[in-house]
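Chain IDs A, B, C, D and E follow the sequence of writing; residue 1 opens each chain.
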Amino acid sequence: QPQPNGSATAAQQPPAVESGPVTRASQTVEELRRTRSSPLVRKIAREHGIDLAQIEGTGMSGRVTKNDILSFIESGGAAAQKAAPE
Amino acid sequence: GGVVTFVEAIRQGIWEEMERDERVFVIGEDVGVYGGAFKVTDGLIDYFGPERVIDTPISEAAIVGAACGAALMGMRPVAEFQFIDFISCGFDMLTNFAAKCRYRWGAGIPAVFRGPCGAGVHAGPFHSQNVESFFMNTPGLKMVEPSNPYDAKGLIKAAIRDPDPVLFFEHKKLYRLPRLRQEIPEDDYIVEIGRARVAREGHDLSIITFGAQVLTALDAAEELEREGLDIEVIDLRTLLPLDRETILASVRKTSRALILHEAPRTGGIGGEIAGLIAEEAFEWLDAPVVRIGATDTPVPYSPPLEEYHLPQVKDVVDAARRLAAY
Amino acid sequence: HLVEIVEGVQAPAIDEGLICSLETGLTREQMLELYYYLKLTRLVEERLVNLYRQNKVIGGVYRSLGQEATAVGTCYALEPGDFIAPLIRDLGAVLTKGIRPRAIFAQYMAKAWGPSEGRDLNIHFGDMERGFIGPISHLGDMIPVMTGVLLAARMQQKKIVAIAYIGDGGMSTGAFHEGLNFAAVQRLPLIVVAEHNCYAYSTPTHKQTAVKNLADKAAGYGIPGYIVDGNDIIACYETTKRAVDFARSGGGAVLIEAKTYRRKGHAEHDDQRYVPREELELWEKRDPVDRYERHLTSQGIATREELDQITARIKQELEEEVAWAESSPLPEPERAAYNVYDNSIVPPAFRPKVLER
Amino acid sequence: GGVVTFVEAIRQGIWEEMERDERVFVIGEDVGVYGGAFKVTDGLIDYFGPERVIDTPISEAAIVGAACGAALMGMRPVAEFQFIDFISCGFDMLTNFAAKCRYRWGAGIPAVFRGPCGAGVHAGPFHSQNVESFFMNTPGLKMVEPSNPYDAKGLIKAAIRDPDPVLFFEHKKLYRLPRLRQEIPEDDYIVEIGRARVAREGHDLSIITFGAQVLTALDAAEELEREGLDIEVIDLRTLLPLDRETILASVRKTSRALILHEAPRTGGIGGEIAGLIAEEAFEWLDAPVVRIGATDTPVPYSPPLEEYHLPQVKDVVDAARRLAAY
Amino acid sequence: HLVEIVEGVQAPAIDEGLICSLETGLTREQMLELYYYLKLTRLVEERLVNLYRQNKVIGGVYRSLGQEATAVGTCYALEPGDFIAPLIRDLGAVLTKGIRPRAIFAQYMAKAWGPSEGRDLNIHFGDMERGFIGPISHLGDMIPVMTGVLLAARMQQKKIVAIAYIGDGGMSTGAFHEGLNFAAVQRLPLIVVAEHNCYAYSTPTHKQTAVKNLADKAAGYGIPGYIVDGNDIIACYETTKRAVDFARSGGGAVLIEAKTYRRKGHAEHDDQRYVPREELELWEKRDPVDRYERHLTSQGIATREELDQITARIKQELEEEVAWAESSPLPEPERAAYNVYDNSIVPPAFRPKVLER
């Protein structure tokens, strides 16, 4: 579960692409929303080195929305993620 | 100038261009003595004479062809289809002659082909069509569809002055809609072809639309504002060539795109807009690109059927809510 | 023979006005039936205007006032297996073919029980059993379609003929030309009835075409052209009967020009301001219903009472027909999705819910 | 059966249906005595007689109309356009009569409208068109475009047996292409309308295409395989109604969609496919939805111009590389 | 008068065969010029076939063998300001209008210096200065276009006339019908030259239309129809001159049927197997070039040597014309992007690079 003010889990890099598109084909749309959000959010996550799993998603299927991640960044969550120990 | 309806704005535009440029003339069925089925050309023949306001036989292919020939000779014809549904009878002449002349030997065809389009008036499948999709894949044509009197006048003038063939679609529901009555400038002005306008600024979601559906979008936006959603409405005005920059700028701002048109969804020009966005604004998207069109059926006649067929404010509100909640 | 223009017999006049052609093979019974359909047409349209003024009609009403004899008289010359492709101003032909007024009322009122189930209007439907294929709005298109009907009939060894109606305006269309030329070269038994009612919306014939008579166009297709007084119902019948016999016996296509007049505007909303008053008054005197009544009574074929009885019967019938149509519900909204394709192969085109997942 | 070319497969299909069902007949310009401009109907008139193989005047509107009328009477016409470019002359009859009849009064029109389409043979702007975009927004029509002899025969049979009007596009480059010669079954078989096929299975990227461009895609895929890219090629076969399931399944597998067609890019049916993907496979996309079409121009005549205009293998390879690297 | 069909004067025959009409207002100089254009047409086409066989031509070659007198003779009756809308089988008219053979060769060879810059083929281009608007492939379409040209000319107070050429097949199209009806009702000075060459691709006239003479179609438009021997170049000239004078003086549209014959297949690839040998042999004897040569020499208008000199001059000219066309490069690929629209308003349609950011 994502925690407020994120004491992040291990990853300091953005999450790796899941193992292969073959796996993705069998995923549900809900799972994909939750884990991959959207191109925009993934881009922002990449740019800020954020692990999406750490953010509370308010979108459909628990998706991390643009506002979610921007709020997260604004509230220092990204810095917290970076600063968190291994 | 003055406070005008949509139809009056178009009529003024044609009138002023005919006064300004003696090469401009009108040609179509019942456009002269009768002033046009929707009275768009009312009074022109008394002022400009029957040589410049020509009543033709029922011959859409000949009307288009004659406009092309006159244009090659340097005239500026404004050809009318009594209902845009009859443009299908001139489809060959438009797509094969008008559209391709300049490309094939450098001869531009500065003609305007205009007529009333659109549904919602219980006129049935042959007096309610939206035909832009027929021509979207025909380079050489331009297509324009205003949503308000100011743009209507500015665009008909721009179309008449354009050196290439322009299809000018006038949604018949807008012609005398009181809501659209608007004060327009006295002075000469044009609205540039190829430029969309931001009908309503917003930040949460972009509705990209044109014609009568601009009103649907604005009504939906007003309703959604009460729910705290801030909707941007882009009025395309020109359908071909699309104003890619304005579309992309809006989507990059809001990250959510809802494309709305009155033609059936499948095969409508919404696909072109969605494709543009999905390719060139992909990393700005926070949600799927949503398209709303009419059902994939002809336009039915009976009011409950037509209402089901056409996009309604509630359909747009519902879709925008879901898209915003994505 | 091929480019013959056959002018109709001039009907005599009596003190009260013109009557109809005296030479006919019609029996008294048939002539009364003809009156029934003629009067029915007139009264159905009057009823439609009536409903229109009560806002019960969706859209416009297109009267054929003054032209009813053409539609009824020509159609009456057909056999049951024959086909008609009428235009909206040929309601008389549709009724003569046996389509019930209730279907027309239901169509106009956009009701679920109409033949189009509310999807299309006016007579834009068909009834293959009865030999009726309704038009679409695009003028001229029915000529090629009827050519195909007759090609098929030939292949199916059916000895049927077809009447396709067209207006003075519609004859300017490319579709008309292609269809009639094809019918002519294939020697199909197609009778084209050109209703010369002097106007195409606001456009008078002299702006539509340069021929003197519409029947002159027949020569351009290598077929015979007949001219008939379109307000003389007996002449319309006889001329068409002759054309039908000619066509059915292998003579090929025929063009009949019915000289008539459109006494109302293009539709109810059109006030005809472009029409001179004197013209309308002149043609009022040539009203085809009055004329036929005058004919029947003056020639001792029917009494005034008999005609009044027919009229009363029609009015009674129409009460029932209108009531039936009015009792129909409007269609359910979702019905708009059905029948674009054969739904056993392609599902109905329901409105999709956006982001439904 | 036997080893056949693309054109021979179509001819066999028409022949067998005419034998199987006496209601089937052929109608068009020079289809009888001459056997058709491309010999698709060669020999039919000698076997079936002139009543079932009808040579018409030059009248596309009449050809379409006659096919419709005959279909209403229960026949099964197969109407030919000498070049599909001339379908524009029958546009009104197709979109207003053929497409809408069943909807308006329940009368199906089981007619097939076929002809040679496509570019790449230096035939110029009026003998090279791809016209599917004209009709994509017309519910009531079906559109089919095979890419190989097996599908061509199966689909023409399916089209003839279909109770609704089917436009059947035959890319002229494929007619006698040696590469396409293929052994097909002796027995009767159909290919279901509405079903795409996976022409090449892959995992890295989906190319969604049809007609002659299937070969372009396969050639590109072969080249890219050497670079370690595994391309899936979807051959749509039916353009309307689109096989949404197969398209979406492929994109959900590969996450990268490249839509390829020969018609100009803007306004082509690639937009519809892109819109479908961007709305219903959005979550699976790793990259923008890419569309490749011809340039937004008429089809030029001179080989260097036509080559620039049309999508080439190198264009597809280049785009696929970029898309894969995204 | 309006539906008059004027049959051409039957030209006399001498021992060697038919010659041309004797009654003419042409001067000797003009008659030699006529010969120049006639022979030029023949030799340009022969040269095209020659280039085609060397694989220098892209696409097909469409001969007008046997029809050259129609195209040249009719066009010669025009004034410089008048317009023509020829079809691909009217190369003779294009050359008579002053378009240089080099343009034709460059077009056929898809070269950059051609009027289309390689974008279109054959005579699908125009030259407004010279009064030439080339066709598109869709038959019939040029008739409405020329109607517009003449409407404009009327508005611009230019007293020009136009010839639009059409084939026996093309007359079946809706576009032809709509255009000619419109021209007729507007009394525009449009001369439609219908080249009755007996075939439309493989379709003989009796499958195309049911009229006996194509000129019979004139009555259907309310205009005069003339018939002329299309292989008699003088008759073609005289008949057209008469029509041109009639039209230019306000008489309106005219239909001229030129009876002729297409001696080659529809295009070079068509072996004409559907044509009886005897038919071809008959019409070989009526070759319009032979016939005119016979006329000029037998009537003492020109000597064999003079004619040979003209031929030699043409051949010399054609060497230069072909050389010029051959020396043209093919167009640069990117030129395909230009001129869809006025490029000062809408940029060229370059091939976009995918994912270029």
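One rule holds in what follows: contacts are C-beta pairs under 8 Å (C-beta built on N, C-alpha and C of every residue); 3 or more make two chains touch, one makes a residue touch a chain.
Just so it is clear, the model here is predicted, and its values are computed rather than measured.
> Treat each pair of touching chains as one step and give the shortest count from subunit A to subunit E.
The distance in steps between these two chains is 2.
> Looking at the contacts, which chains touch subunit A and subunit C alike?
Output, common partners of subunit A and subunit C: B, D.
> Quick one: report the Å distance separating subunit A from subunit D, using the average Cα coordinate of each chain.
Measuring from centre to centre gives 44 Å for this pair.
> I'd like to verify one number: the distance from the centre of subunit D to the centre of subunit E, where each centre is the average of its C-alpha atoms, in whole angstrom.
36
> Taking each chain's centre as its mean C-alpha position, how far apart are subunit B and subunit E in Å?
Whole-Å distance between the two chain centres: 40.
> Which parts of subunit C, given as residue numbers and ranges, touch two or more other chains?
Residues 116, 119-120, 124, 136-138, 172-175, 178, 181-182, 185, 207-209, 340, 349, 355 of subunit C each touch two or more of the other chains.
> Among the residues of subunit B, which ones contact at least 2 other chains?
In subunit B, 56-57, 59, 61, 85, 88-89, 92, 96, 100, 103-104, 125-126, 139-140, 241, 279-280, 282-283, 285, 287-288, 290, 296-298, 300, 322, 326 touch at least two other chains.
> Which residues does subunit A have that touch at least 2 chains other than itself?
29, 38-39, 60
> Could you please specify the touching residues of subunit C with respect to subunit B in the complex?
Subunit C reaches subunit B through residues 58-59, 110-112, 116, 118-122, 124, 136-140, 169-170, 172-175, 200-203, 207-209, 274, 330-337, 340, 349-352, 354-355.
> With touch defined as at the start, can you tell me which subunit A residues reach subunit D in the complex?
The contact residues of subunit A facing subunit D are 17, 20-22, 24-25, 29, 32-33, 36, 38-39.
> Going by the contact rule at the top, pick out the subunit D residues touching subunit E in the complex.
29-30, 33-34, 37, 55-59, 61, 82, 85-86, 88-89, 122-127, 265, 288, 290, 292, 295-298, 300-309, 315, 318-319, 322-323, 326
> For subunit D, which residues are in contact with subunit A within the complex?
Residues 203-204, 249, 252-255, 282-286 of subunit D touch subunit A in their complex.
> Sort out for me which residues of subunit C touch subunit E in the complex.
Contacts found on subunit C: 2-3, 172-178, 181-182, 184-185, 187, 206-212, 216-223, 252.
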